[in-house]
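Presented below are the structures under discussion, each in the form of C-alpha cells.
Look for subunit A in each of the two complexes below; its partner is subunit B in the first and subunit C in the second.
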Partner chain A sequence: MSSDNLEALPKGMSLFQKALSRFFKNKMAVASLFVVIFYGIVALLAPWLPIHGFEEQVLDHQNLPPSLTKNGGELLVERLRFELEDRAGRENRSLTQQENEQLEKFEAQIRSDPKHARRYLLGTDYLGRDMLSRVIYGGQISMVLGLIGALTSILIGLIVGGISGYFGGRIDSFLMRFVDILYSLPYMLLVIIFMAVFGKNIFNLVFALAGVSWLTEARLVRGMVLSLKNSEFIQAARVIGASTPRILVRHLFPNVMNVVIVFTTLRIPSFILMEAFLSFLGLGVSAPMASWGSLVEDAVGSMTIYPWRLIFPALAMVIFLFCMNFLGEGLREAYDPHSEKIL
Partner chain B sequence: MIHYVLRRLFGIIPTLIIIITLSFFIIRLAPGSPFSSERNLPPAVIANLEKKIHLDEPLILQYLRYLGDVLRGDLGYSTKHTDFTINEFIVRSLPVSLTLGVAALTLALVTGVTFGVMAALRRNTLLDHGLMALSILGISVPMFVIGPLLQLFFSVYLGWLPTAGWISSRSGGLTLILPILTLSVTDFAYIARLTRTSVLEILRSDFIRTARAKGLPERDIIFKHTLRGALLPVLSFLGPAFANIVTGSVVVESIFDIPGMGRFFVNSALNRDYFMIMATVIVYAVILLVANLVVDIIYAIMDPRVVYE
Partner chain C sequence: MMTDEIILEVKNLSTYFHTEQGQVKAVDHVSFVLRDGETLGIVGESGSGKTVLNLSILRLLPSSVTVHAGGQILYRGRDMMSLNESELQQIRGNKISMIFQDPMTSLNPYMKVCDQLMETLILHQGLDKKTAKEKSVELIKHVGIPDPKIRAEQYPHQFSGGMRQRVMIAMALSCKPDILIADEPTTALDVTIQAQILDLIRELTREMKTSVILITHDLGVVAGICDTVAVMYAGRIVEYGTVDEIFSNPRHPYTQGLIQSVPRLDGSSDHELFSIPGSPPSLVNLPAGCHFQPRCSKAMPICAEKYPPEIVNGNHRCCCWLWHRGEDRG
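Right after this comes the complex of A and B.
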C-alpha cells in the first residue's frame, strides 16, 4: 500500500491527539502553560530587557522600597525628610530652618548626580542591586537548574529502569535491590555531604541532585517496560526479526516517552524546590549570581524591615512552581486513560 | 502473622548493615577529614587527634571497629561537639523532633484525608477544583517561605503567637503552633491529592457498584467500603514521610529556633563530623525500616487481600 492510499483512509485519533484535545479543555492547565511560556521568554530575553544588571551595586541605594513613580534619588530625599520629620515630631516641633536647608541641599546634590535617576520597580537589596533584575536572573538560574536536573535524573532513570525491566532476571533484581537501599538513605543528607566535600558550584549542585533523585524514575520506567515488553506488538516485532536495539529505540522508547515527559514536567518544580532548599542552607548558587532560593534566603533575616526583598522573589518562585505543577497535573490527567471514562 | 513480623524484624539487621557499610565508605572515601577545616592546627596535633579516634588505621579496620560499636549500641563521639556523646545527643534531641513531627503528620493526615475525600465526592465542582488548587499551592510553596510569612503575620503584625523557641513555662505550648503548621503543609498537600485519586479509583470499582445496587446508605458506602481501600496508598506514603519528618526539618528548626535533630545533622554534614553523619544515617534508616514494617502490618489488617506467609 502506498502512502497516498493510506491518507485516503478515515483518520483515527492517536493517543497523543486525544491527550492534546483533553489537555486544551483544562482551562487552568492551559493558563498555566501560558504563564510558564511567559516566564521562559522573560528568562531567555533577560540580557536584552531594559533592566539594570543583576550584579550592579549602587551603594547609596540600599534597601529602597519598590516604587512605580519615583526614582532612586526621590526615594532618598523622601527617606531623609521622613527621618527629620520623625525626629521633629518626637520633639513636638516643626522642621527648623537648618533642617530645611539640609534637605534642600541634599535634594540639589542628588539632582546633580545622574545615577540617582535609576528606577527600581521592585526595590533594591542590601547592596543597592535592582530586585527586578535579580528576580529575573535568579529565575533564569532556577529554571535552568530545574530543567537540567530533571532531564539528567530522567535520563539515568530511563537507562537503569529500561535495562532492569527489559533484561529482567539477575540484572533486574540486582539493580532494584540497589535502588531499594539508596531509597532508605536520607537523600538530602547525601546531597549536603556531596556539596560539602566537592565544593559548591552549579555543576556539582545539579550532579548531586540528579544523583539522588533518579530512583523514582527508574522504578516507573521499569514497571512500564515490564508491562510493555510482553505486549503483542513487541512480540510481533521480535517475530519479524527486529534487533534488540531496534525494538528498544523504535517500539519501547516512544511508548514510554509520554509518561516520561509528564513526569519531567512534574520533576522540574521539585528540583527548583530542592535547589532553593540548598540555597537556604547556603549550599546553593553563590554571589553575585542568584537563584530564587538564595534571594529568599538573603531576605529572611530582615523581612520585618524590608518585606519586599522577601515577597517578590518568593512570589515569583511560588507562581512559577504552581503553574509548573498545574501544567504537569493537566498533562498527566490528559494522558490518564481513566479520565476518558469519567469526563 | 507473628511469624511474618519476626522474620521482617530480623530482616532489618542485614539491610541496616548494608546501609551502614555503604554510607561508611561513601563518607570516608570522600577527600578531607573532620580536622581539615580547623585553622592553625599544627600537622602534629592533627595527627594526634586522628590517632585518638583511630583515623590513622586502615579503613577496613576502622570499619569493623565501628560496626562492632554500633551493634553494641554505641554511636561514638562527635568530632565537633565535645560536651556529650552522640547517644546522649540523640536522647536529648529526638523527643523534640518526634513531638513536632508526630503532631505535624497527624494534622496533615486528618486534614489531608478529609479534604481529599471531600474533593473526590464532589468531583469537578468548584469545591474540588478549589481544594486541588490549594493542595498544588501547598506543594509549590517551600517551607522556608511559609514559615517566615506565618511569623510575619501571626507574631509580628497580630502579636498572637510567640515568634520562635521551644516549650517553656512562659509561653507554654503556644510556640509549637506555627512550626507544626509550617511542617504539615507539604505532607497535607500530598495526602489530600493521594486520597482524592484513590477514592476516585475505588468509587469506580465493581464492589462499590454492588454496594450501591444493594441499596446501602451512601454513608456506609463511603466510610465502610471506600475509605478502607482508599487509605492504603496514603498508608504507604506515611512510612517514608514519618521517617523524614521525625528526624527533624532543618528549615523549620532554624526558622523557629527549635533544638531538634535536623539542624545538628546538617551541620555535622557540613563539618564532616564522621560519626555524627553516620549516626544520622543509622537513626534515619532504623526509623524508616521500622515505620515501613508497621505500615505493612497495618496494611495486612486493613486489606484482607494481602497475604503474608
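Right after this comes the complex of A and C.
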C-alpha cells in the first residue's frame, strides 16, 4: 500500500502468499532454490542430455583424468608418452627409436578406432565409465531417494501424529509409546537388518529408511495437532457443526502443512546422507546403478591416485545438501519470521 | 419479543472432570430455562463454570475428560444428551451457535473470511458455492463491515479484533439460529468496541428473534441487555431471576457483593471500592455446605453443614439459608 493511497484496502493475501513474498526477499534461499531447480532439471533431462550412458564401459579408458580439451584417445597417448618419458628420464636418456615407433603406432591405432574420440569432462572410473554421466544419474537416484524417503516418512508421521494428537487418550499413549520404543532402537541397525533380510534394492532401501525415520515427524505433528485442536478456531468449527473429517482436512491440516513443508525440505538432505552412508557400507544402491554415496564409496580406495573420482560426486552432493538446507531454512524463516531456529 | 415458549430447558445439569488432584465439579446441578427471544445473562467469577456450562449444552466437551455428565438439556423438547454426533452436528451452528471470547484466535488463519462464512451456509442450508458466497458478502455487510466485497476475500490476519468479532457474529447468526451462546464476547476487545459489539448482538438477535445466553463477568453488560440473570458460584447457580429483580432486590450475599463491587459514577470518590473478601474456592476441594460460606459475612452454623435448598419466590430463585425459615434450617 502506498502512502498516498491509505484508503484503498489491501487485497486478500493468505499467510502462504505472505510467506512466499518473504521467502523471495531472502537472497541466499532464492539462490539455493535456483541451484536445486537446476539439479532437478539436469536429473530429469539426463536421458536426453548429450552424455554417455552411465553403465557404458570402455575398458581401455580406465581412470582417465578430467579434461575439457582432449578426448579419450589423446589422453591415452599422453599417458603412454608420459610413462615412456618418465622411464627414459630416470635412465637419463631421451626416447629411443623403438619407443618413438611404439608411440606412433599406438597413436595411429587409436585414431583408427572411433571409440577413442569420446570425451570425459569429469574423467572416468575404474571400468572406463564417464564420471559426468555417473554423477548426474547418481544424483537422480540420490534425489529421488531423498524425496520419496522424506515424503513417505512425512506421510506416516502425519497420519500417526495426527491420529495420536487429535484423538488423544489411550490411542495417543499407545502410539507414542510405540514411537518411544522405536526411538530407543539403533535405527541404522534396523535398516541394515531389514536390508539383509529383504534383499538389497532401491525400494527396500527407501522403505527401510522411511520406516525408521517417521518418528520425529510423528512427534512434531502430534505436538502441533495437540495445540491446534484446543485452539478456538477448531472449537468454532465444531460449533458450526463441522464433522471430524472435515475439521481434520479443512481446518487442521492446512495449519500443520507449513511446518510439514519446511520439515520435509530439511529432511531430504538427511535422507540423502543416510543413503550415502548405507551405500558407503555397501548396503545402498548396487551396480551398475549409482548414487552419490556409492560413487564416493567406489572412489575412496584409490583417492590418492585418482582424486577426481572422489571429488566430483562429493562436490555435487555437498553443493546440493548445502542448498537444500539453505532452502529449508529460508522457508522456515519465511513461514515463521519471529522464531529463532526451533526445528 | 420475548414469548412464553420455552426453547431450552436445562435440568439438573452436572459436568464433572477427572483430574490428577481429584474430581472437579465444574457444573453442579444447574437448572434454568430459556424462552423464545429471551436474553439470559450468566455472571460469575472466573472459574465458576460458566464456559463449561455452555460447552456442556452444546455437548462440546470431549468425553475422554468428562467422568460424569448428568441431567437433561431439552432443546425444543429433545434431549441433547441422547443425540448422537451427527444429530448434534445438525444442531450446532444451525440451531444453536456460539461466539467465543477471543476473536483473534477463533478464525482459521489459513482460510479466507468468506470461505469460513460459506462453510456454515453450505453445511446447514445446502446452498451452492455461488449463492453461499453472495450470502456471505451480504452477511459481512450486515454486521457493519465496510467494503464487504473486498473484505470477504481477505484473511483473518488482515482484520482488526473488533472486525473479527463481527465476522464471528456473522458466522454465528448466518443460519438464523434459535439460540446464540456468547461466551464473554467483549472481554478481549477494546472498551470503545465493546459497546458496538454488544449493540450489534442485541440488534441482530432481536431482528432474528434469537434467544441469547450471554456469559460475562461484567454486570454493566448484564443490566444493559439481559432479560434474566443467573449468578453462578463454584459450579452452581446461586441466584436466578429477572434483571430488575436481581439488581433491585439481590437476595444471595454473593450477588449483593457483586453488585456492590461495581464502581459507581455517582458514588463519592473517596469511598473505597467494595470487594468480596477471599477468593473463589478450588473446584476440587469445595468447602462443605454452601460453597460461598467461608467468604460470606452472613454465614450461620447451618451454612457449613448443608447446601441450602433452592427457595423459589415467583420468578426469583435463590439458594441461601438466610431466606429459609427457622424450622427448615433444623
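By our rule, the second predicted complex is superposed on the first by the 325 of 343 C-alpha atoms of A that agree within 3 Å, B and C clash if a C-alpha of one lies under 4 Å from a C-alpha of the other, contacts with A are read in each partner's own complex, and residues count from 1 in each chain.
One rule holds for everything that comes next: a residue touches a chain if its C-beta (ideal position, glycine included) is under 8 Å from a C-beta of that chain, and two chains touch if they have at least 3 such contacts.
As the structure is a computational prediction, the values presented were derived from the model and not from experiment.
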Identify whether subunit B and subunit C fit side by side or clash on subunit A in the overlaid structures.
fit
Considering only touches as defined above, state whether A:P245 meets subunit B (first), subunit C (second), both or neither.
neither
Roughly how many degrees, to the nearest 10, is the angle at subunit A when you join its Cα centre to the Cα centres of subunit B and subunit C?
80
Pick one for A:F233: touches subunit B only (first), subunit C only (second), both, or neither.
second
Using the superposition on chain A described above, determine whether A:F277 touches subunit B (first), subunit C (second), both, or neither.
first
Figure out whether A:L310 sits in contact with subunit B (first) or subunit C (second), or with both, or with neither.
first
Does subunit C touch more residues of subunit A than subunit B does, or is it the other way round?
B
In the overlaid three-chain picture, which partner chain does A:N255 touch, first (subunit B) or second (subunit C), both, or neither?
second
Quick check on the superposed pair: does A:P114 touch subunit B, subunit C, both, or neither? Answer first, second, both or neither.
neither
Which superposed partner A:G168 touches (first subunit B, second subunit C, both, neither)
second
Shortest span in Å between Cα atoms of subunit B and of subunit C, once chain A is used as the common reference
14
Share the list of subunit A residues that count as touching for subunit B in one structure and for subunit C in the other.
none
Sites on subunit C touched by subunit A in the complex
58, 60, 62, 64, 85-86, 88-94, 97-98, 100-102, 105-112, 119-120, 123-124, 147, 150-151, 153-155, 157-158, 168, 171-172
Show me the residue ranges of subunit A that touch subunit C in the complex, using the header's touch definition.
9-16, 168-169, 231-233, 235-243, 250-251, 254-255
Which residues of subunit A touch subunit B in the complex?
28, 181, 183-186, 189-190, 192-194, 196-198, 269, 273, 276-277, 280-281, 283, 293, 296-297, 300, 303-304, 307, 310, 314, 317-318, 321-322, 324-326, 329, 338, 341-342
Within the complex, which stretch of subunit B touches subunit A?
15, 18-19, 22-23, 26-27, 30-32, 123, 129, 133, 136-137, 139-142, 144-145, 148-149, 152, 156, 200-201, 204, 240, 244, 247, 250-251, 255, 265-266, 269-272, 277, 280-281, 284-285, 288-289
